[in-house]
Structure formats: C-alpha cells, structure tokens
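Presented sequentially are two complexes of chain A, the first with chain B as partner and the second with chain C.
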Partner chain A sequence: MRKPKFTFLTFSVYVFLFLIAASWYFVVGVEKASLIELFSRENLQYAGKFFKGLVGVGEEKIAFLSKDSWSEAIKLTVETLQMSIMAIGFSTVVMFLTVLPAARNVADGTLTLSKKWYSFLLFGLIRISYIFSRAIPELVWAMIVIFIFKPGILPGAIALALHNFGILGKLCAEVIEDTDSRPIRNLASAGAGRMQILLYGVLPSVLPQFLTYILYRWEVIMRTTIVVGFVGAGGLGQQFKLSMSFFHYTEITLLLVCYIVLVLIADFLSERSRYFVK
Partner chain B sequence: MSKNNIIEVNQISKHYERKIALSSLSFVVEKGEMVALIGPSGAGKTTLLNTLAAIIEPDSGEILIDGLDLRKITNQKTRARKIGIIRQQFDLVGQLAVIHNVLAGRLSEWGFVKSFISLLFPQDKQTAISALERVGLPDKTYERTSKLSGGEQQRVALARLLVQRPEIILADEPVASLDPARAEDILETLTRLAREEGQTVIASLHSVEYAKRYFTRLIALKNGEILFDLPVEKVTDELLKELYQLKELDQNALV
Partner chain C sequence: MLSFDLHKRKLLTVFLLLIFIWSLLGIHWGPELFHTGGMATAGQVFAAMLQPDFSAEIVALGIESSWITLAYATAGMSLALILALLFGILGSGVLASGKRSRTFMKGTFRGILGFMRAIHELVWALFFVASFGLSPFAAVFALAIPYGGILGRIFADMLNDVPDEPIEALRASGASRLQCLLYGYLPAVKASMISYSMYRFECAVRSSAIMSFVGLGGLGYQIQLSLNDLNYHEVWSFMYFLIVLVVLIDGWSTMLRKRISI
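For the complex of A and B:
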C-alpha cells in the first residue's frame, strides 16, 4: 500500500481543527464567557428602554410626529446627499487625471505603443499615492481634515474623497490593464496616434466599467457619511451622534428612516444608470 | 527589377528562442497581385505577415515596400497609407458604433481635434456610408459593433480598409472564425474590392480550397521556409500533400 503523502492540504486541515479546538478552550476555559450573561436582567431592561424609546413610548417629544423635526431632518438629508456627491465628484476627477499613467500596460507602452522615459516614474508615484490614500480610513482622514478646516460638509466631502480616490484609481487602473489590446493595436496599425488611440480604443472600452465602479463607490460613500459625521463633518451622521448623546431616541428613529431613504435612492439611481449604459 | 514590384522580400529571417520562425525568405510581389499564404499551423504565416506589417522586426534581411526600406517608414501614419491589416475578428472596438470603427481608417489623416469631434458628429460621413454600402451593410451604420455577428464584423473591418485605402492589404486568417458560407462571402468581397481599388492582397489561409478559388498565386510555407511559390493553376495535389504531411506519418509510411 502507498503511504499517504503529507501535503500542505492535510497540514492545513489539521491546523484548522486545532484552531477550532483551541478557540473554544480559550472562550470557555480561560475567559469563562457565557451566553446566558448576555441576557441578564439588566441588559434586557436597557434594551427594552432603548427600543421603546425608538418607537416613542414614554417620550415627551416625539420627533417623527413633529413637523419641525421632519424639516430639520430633510435639510440634513439633503446636506448628506450633497456631501456624498461632492466626495464622489472630487475623487472621480482626481482618478481621471491620474488613472492612465497608473495602468501598467500604459506605463510599459504595450497599450498605446509609445513609451516615455518618465512613464515608470509616474506609474510608481501615482500607485504609491493610491496606496497611501486607501491605507488611511475615512474616519482618520475626516479627523485630520476637520482638525485643519472647521467642521462642515465640505471638509467631510474632502475626507471621503481622499480615501476613495485611491480605491477608484486602483480599480480603474486595473480595468485599463485588463482591456483587450488587439483592437487597440489594430487602431495603431490603421495609423492612429497616441491620443487618437486613447479616444477610439481605450476610453470606449473602459468607460462602462468605470461608471459601475464610480456608482458603487458613491453608494459606499453615502453610507460612510454617517461615520465621518460622528467626528463633526455635518449631515445626518453628526445629528445622529448628538441625538444619541442626548438620549433623544425618537430622533434616532427619524434619522434612520431618512438614511434608509437615501440609500434606497442611491441604489435605485445606480441600478438605472447601469442598465442605461448597457 | 521592374517598377511594378510593390513588395520585395530579401532573405528575411526571424528566430524565436531556439525555434526558427522564418529562415531566409525571399520573394517579390507585383502590384495588384492576390497572394495566399498557405501551410500547416506554426509554419510562420502569421510571423511573415507581422513582419511585413512592421509589427515584428526581422533578425536579418530587408523588406522593400514600393522600393523603400520598411524600417525607414517609421511614421505610423505614412505606413498606414501603404499597409492595411485585417485579422480574424477582434480588431474592432466593440463598444463603438459601426461608423466610428469604419472612420478609424481615417485616423491617419485626421488630427486630434477632428477625431474628437467625429466621435460626437461623425465627419466624412458620406465616405463611411458608401464604404458600408459597398461591403453590404448599409443599414447598420449606428449600431453598436459588438452587437453584430462575426461575418458582419468582418465586413465592418473591410469597410475600414476601404476608408483607409492602403496600397497593400495584409489579411491574417481573415475567415478563420466564420462558417463556410460567410467565409466565402468575406473572401469574395475582399478580393473584389481589392481588385476595384487596385490594391495588392497577401492573405494567410487555412483552407487550400479558398486559396485556390479566390487568389491567383500561392506561397506555401513549411517550417519557416518557402516550399513552393506558384501561380494557382500550377499547384498540384502532390505538392499540397507534401505541404501538409506530418512527420510521424512519413515514418509510418517507411515502416
């Protein structure tokens, strides 16, 4: 009989089983955690109070029934929408300005059939800026930007754009790297110059994909506005944090409703425009 | 050397690591000739066409186009007026409308601004439309190219060549991915249009049958060498048998 071979696969299965056993030992034996503790009388009481508060039981002022609160919330919703549009606008502009030299096949000249001595220098610099931008989370960018400027939706938008241009740039540069080079080389043999190749070959094949990514990031930005709002970037997020601190539970309900509406709008718009592009 | 020689190939060789793709080929093509390159896969047909198109540079030897050294025609735009290429599909930008793919044949004459405006308001529209009419696609002008069938896409590529008006057309397996009826149709159109325009055609083909029917001269390549170079009527079945014979079969025959 052949001896079973000790492969990486069997090794990883053993490690996997060991990790499961060890984790359970740690949770039960060392930490002495128990599921029942989570449902203690105290926790239940807090939770009950919170959720009752959300629907307005026992509250003096019920925000989602007051006209003033609604108009305030709608104003904040519009602000949030503005912030997200500004953010995606800034990052798209910067992405478009930098994405071409950031694609490897443009840098080494295989796509446009022309290469300059500074191509790789530019490629490296832009790619590093993308990584830098992505590596720092929106929240940290927001704290930095708001520390420099004063709180408001413009600093919030700048913070979101700073994080997202790196993501968009990387995604879109990869789209360019994946384009079929055959039609583009044929344009070159039909006598098209570098800029003409860009117009007739590269842009038409990458733009639909670009749009998909831009809309997707816009959706994400819309959701992330709440996070940067926490540190003072304005919009619904900031109000959310304030209501939370003042225990105005019914306001939280109102804000959450506005939020869901916003995300639904973004979802609908991106779905429609993707359909339109196809 | 007659004035009519549009292509002169003098002893060109090309090696890829260890493998000889072209070994010291020489031939002359006269203006207006219809030449088919035939031979088994890997014989060097595509390499030869790419060398003629200046996409690949030969290791040694020279190519004269209209008496000019191909290496000296470095300007892509000048070269595009001499040489046009059609391949087995994939040479069109699928997302663009048909008319822009046809007008891409004009890019060598247009500047940047004109090509940009043309994407919004097609320029030289009449040229493009009459080219499309000549290849038999008059009603697809504004359709998205990727929506067209394989045969229709090859027609668009032919229309582009009509607009580009090169003196020489290099066709690399132009009908390899089409069914027989469409293939004959495309070859018929290609050779008819080239005759009307007085162009010279060099096409690589898998099918000897098509080569014999639509071309006047056959150049057979085997292992990077020219096995024969004859007018169609002089090509015999024995020669063709030799061309496509496999080495293994030779040995079997001996045993």
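For the complex of A and C:
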C-alpha cells in the first residue's frame, strides 16, 4: 500500500520542478526578459523620478499636506469600507440561501433523513455555480458588471460578492459536511422542516466556524476593493487609477496610506474577533 | 465550539446586521443606477455564456495565453516560496538565541512581511510597470512580493505552533539552533507548508490572469481585449480556459493534500 502514495508524490514533485524550469525558461529565454536591461540607467532614472514623485520632491501641489485632499481621501475611505461590507453581506446572504443543498451529506440524505429526486440535481447545479464564481477573478467580474451598472460602489460590491460567494459557499459546505450529524437527524426525525433544520440544527453548531470564514473573506475583500476600483467601480481604487493616469504622484501616496490603514484595521479586527469566537 | 453564549451571539448578529444596513444606505437606490440599456447588455452577456466561440484561432490563442498565465504564476510562486522561507524562518524567531534578540527579529521581519502583503499584487504590478516598463519580470516580481508576504506569515505562524517537547529533546542532546531548525522544526511543519502552498498556487494562477490588466500578456489581457471589442462570445471562451486551468490545479492540489495528510 505504500507504493502508490510514493509515486504520486514524486510524480507531483517532478511535474513541479519541470513547471518551474519551463516557466523560468519561458520568462527569460522566450520573452527575452533580462535583469540587466531592467536596471539600465534609463530605467533607474524613471524609477527614481517615480519614487521622488511619490514622496513629493519637485511637485507643485503636495496632496498629503493639503486639507482638502485629506477630506476627499477620507470620504473615499468610508465609501470603500461600505463597499467591502456590502460585498461580504451580499455574498453571505447568497451563501446562506444555497449552502444547505450544496453539502454532500444533505444531498444524499444522510443528514436530514429525507432524499428527494431533485436533491442531487440541485447539489450539482449549486456546486457548478460555485466553481464558476470562484474561478473568475473579481476584476473580470467587475469589468462585466460595469457594463450593466453605472460607476459607483454598487457594481464594485456586486463584483466582489460574485467572486466571493463561491469561495464562502465551498468553505461553508465543507463545514456542514464535517459537522456532527446526530442532533440534526434527531430534529429531522421529529418532523422539522427545511427552514427549521437550518435555524435550530445546522446554524448553532456551525455558526462560529462560518463567522471565522466570513471575517477572513472580509479581510481579503478589503484588500481587493482597490482592484475593482481600477475599472471604475468606485472607492479608493478608482481615484488611485485616475491619479496614476494624471501623474499626480503625491495623491497616490495619500490614497495608498489610507488603503494600507484600512487593510491593517481589517486584519486586526478579523484576528481579534476570531480570537473572540474561539 | 460554543464557548460564547447565546446572548452574546444574538448581540453580535444584530450588530453585524446593523453594519450591513449602514453600508446599504451609502447608495442612492433608484433606476439611475443602471446604464440605459444595461439590462439588454446583461442579457447579451449571459446569452453568450452558453455559446462561446471555439474556432481554431481562438483556441490556439487561448492555449497560448493560458501557458503565459501559468508560467508567470509558477515563476512568481517559486520566487515567493524562497522569500517566504527566508522571511518566515527569520520572522518566527526560532533562530534567535536570547529573548531580546528574538522579540527584535520577530518585530522586524513580521513588519516587513506585513508590508509586503498589505499592498495588492495589481498595485505592485502598476508600480513595477511605472518604473521598469512592460517586462515579464514586472509580473513575476509583482506576484512574488505579496505572495511571499502571505506565505511567510503563515510559515512563521506554523513554526511558532510546533510543540516544544521534541525541540527541547534536540536541544538537550546538544543540537545547535540551525540543527534544531533542520531536524526539529522543518520536518514537523513540512506537510502543512506544502498543502498551504498548493492552495496559494491556485490563487496565484488567478492573480496572474488579472495581472495582464496592466498590459502584461495572458488570459486576462485577452478577456479585456475581447470585452473592449464587445465580443462576448470570445470573452466567455477565454473565461472557460481560465476556469479549466483553475479547476485542474484545484483538483491536483486536493489530490496532493489528501495523500500528504494520510
């Protein structure tokens, strides 16, 4: 029995080494990227100019010293915060609506003791929708959503929610699959309906774990808000992209500072509350 | 699991709901949220989803861009692993001898790791492109830095969670700090390190796809071009390439993780 395990692992290692070698060969050999060229005098000059611009050397208007730009940046920061909360809210709602039929032990009826003809169909459909939503990055969702909605924080939140509900759904369905099935089966055999099973059986035992995942995803969403902003979905990212195009380098610094503060706050809060839930 | 009581939990639920409602108030709800004809566009986009364009030309382009995406992701990830191992081991403080030097090392290197991962990879990519131009190295470095930060922090946490007893046994038999690391800490965390890196590899492929948004080639670039042409059929065919790529890597990593954990 030891042999197959050994071969699959070694096979994976070889594939990995091959992939790494091939990709570096591709980057260096085929695409003709060279490190020496990267650090040519011209490039260093550009880089120097860029970083000097960031700290405000030789700029006429220094954004992080003016009061107006600060108040503008803080307004954008609040918007970004709202966008991230909205996004995690939407994806949580959708996740709660779909997570029960998406768990394998619900679909095959071992958890609820009732098996309907459509439960496997539902299971498959929801799992496919999870894979779809998970595999497409939020930026691509945002590019599509922005065709439908006008620029603002709503399309950003929808794009982020579209990507994250698949991840949340998968993680939470796994939690339900791992949960202790005895109390829930008891409820089901006492005649509880679908909603009652969810409220009194599943939720109490999985909620702490769900909360951990939701907070973890919120932290990640916070970090990606800036990215969906790039395509015009509002918040700090949109302004960041605009400042980048107008070469207003000091504004970039200001926005980055706000963004990093937001990310660090989200990090801290989610760490704290994870501790609290434990 | 249920260490905090029902009362607290209800409070927390109400609180979270209130925050969500506050966030919803930030929008002026109304029909002006949509573009005129936005719904028709939505219909076209979703109709195109069922009939992607799989002509020979598009398939060839799709395979080529999938390879570019995978290559950038792998190259970035291999660099990120080196960074993560280096900073993770230093940041866990297992190599430090005294108590004060340990706190110092932990503080410095964890700070560096925090900074690396606080900035999103696309922002790093924008910076690198702004200063170096459109070189593939911009994509590789932009991936390597934030992923190095994330992996490094997790590696450091894993190293800190290693139980003390085996390490003390090694120390008692006269092993140096380095030997403790090589024969005590690393073997203990090897399996979880590999499985976490595999999980991150899948994320790196997705990130590498969107990296092309700043002009570096790959699947995301093609998606963007087709979107600008309003050719939704092509958009979806590239999307399907991306989905297949991600699902393949996901399947591989699940298989590998199952084997390792046994």
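Going forward, the second predicted complex is superposed on the first by the 224 of 278 C-alpha atoms of A that agree within 3 Å, B and C clash if a C-alpha of one lies under 4 Å from a C-alpha of the other, contacts with A are read in each partner's own complex, and residues count from 1 in each chain.
Just so we're on the same page, contacts are C-beta pairs under 8 Å (C-beta built on N, C-alpha and C of every residue); 3 or more make two chains touch, one makes a residue touch a chain.
Everything numeric in this text was worked out from a predicted model, so none of it was measured.
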Contacts of A:S205 with chain B and chain C, given as first, second, both or neither: both
Chain B versus chain C as contact partner of A:V257, first or second or both or neither: neither
First (chain B), second (chain C), both or neither touched by A:S23: second
Touched partner set for A:I62, first chain B, second chain C, both or neither: neither
Contacts of A:L154 with chain B and chain C, given as first, second, both or neither: second
Chain B versus chain C as contact partner of A:R223, first or second or both or neither: second
Touching partner for A:L125 - first (chain B), second (chain C), both, neither: neither
Partner chain in contact with A:R134 - chain B first, chain C second, else both or neither: second
Partner with the higher number of touched chain A residues, chain C or chain B: C
Chain B versus chain C as contact partner of A:M195, first or second or both or neither: first
Touching both chain C and chain B, counted on chain A across the two superposed complexes: 204-205, 207-208
In the complex, chain A residues that touch chain B: 180, 182-193, 195-196, 199-201, 204-205, 207-208
Interface residues, chain C side, partner chain A - complex: 1-4, 9, 12, 19-20, 22-24, 26-27, 32-35, 38-39, 41-42, 45, 67-68, 70-75, 78, 114, 118-120, 122-123, 126-127, 130-133, 135-137, 140, 206-207, 209-210, 213, 220, 223-224, 227, 235, 239, 242-243, 246-247, 252, 255-256, 259-260, 262
Chain A residues touching chain C - in the complex, by the definition given at the top: 5, 8-9, 12, 19-20, 22-24, 26-27, 31, 33, 35, 37-38, 43, 46-47, 50-51, 78-79, 81-83, 85-86, 89, 131-132, 134-137, 139-140, 143-144, 147-150, 152-154, 204-205, 207-209, 211, 223-224, 226-227, 230-231, 240, 244, 256, 259-260, 263-264, 267, 276-278
Footprint of chain A on chain B - complex, ascending: 53, 55, 76-77, 79-81, 83-85, 87, 90-96, 100, 104-105, 107-110, 112, 115-116, 119, 160, 164
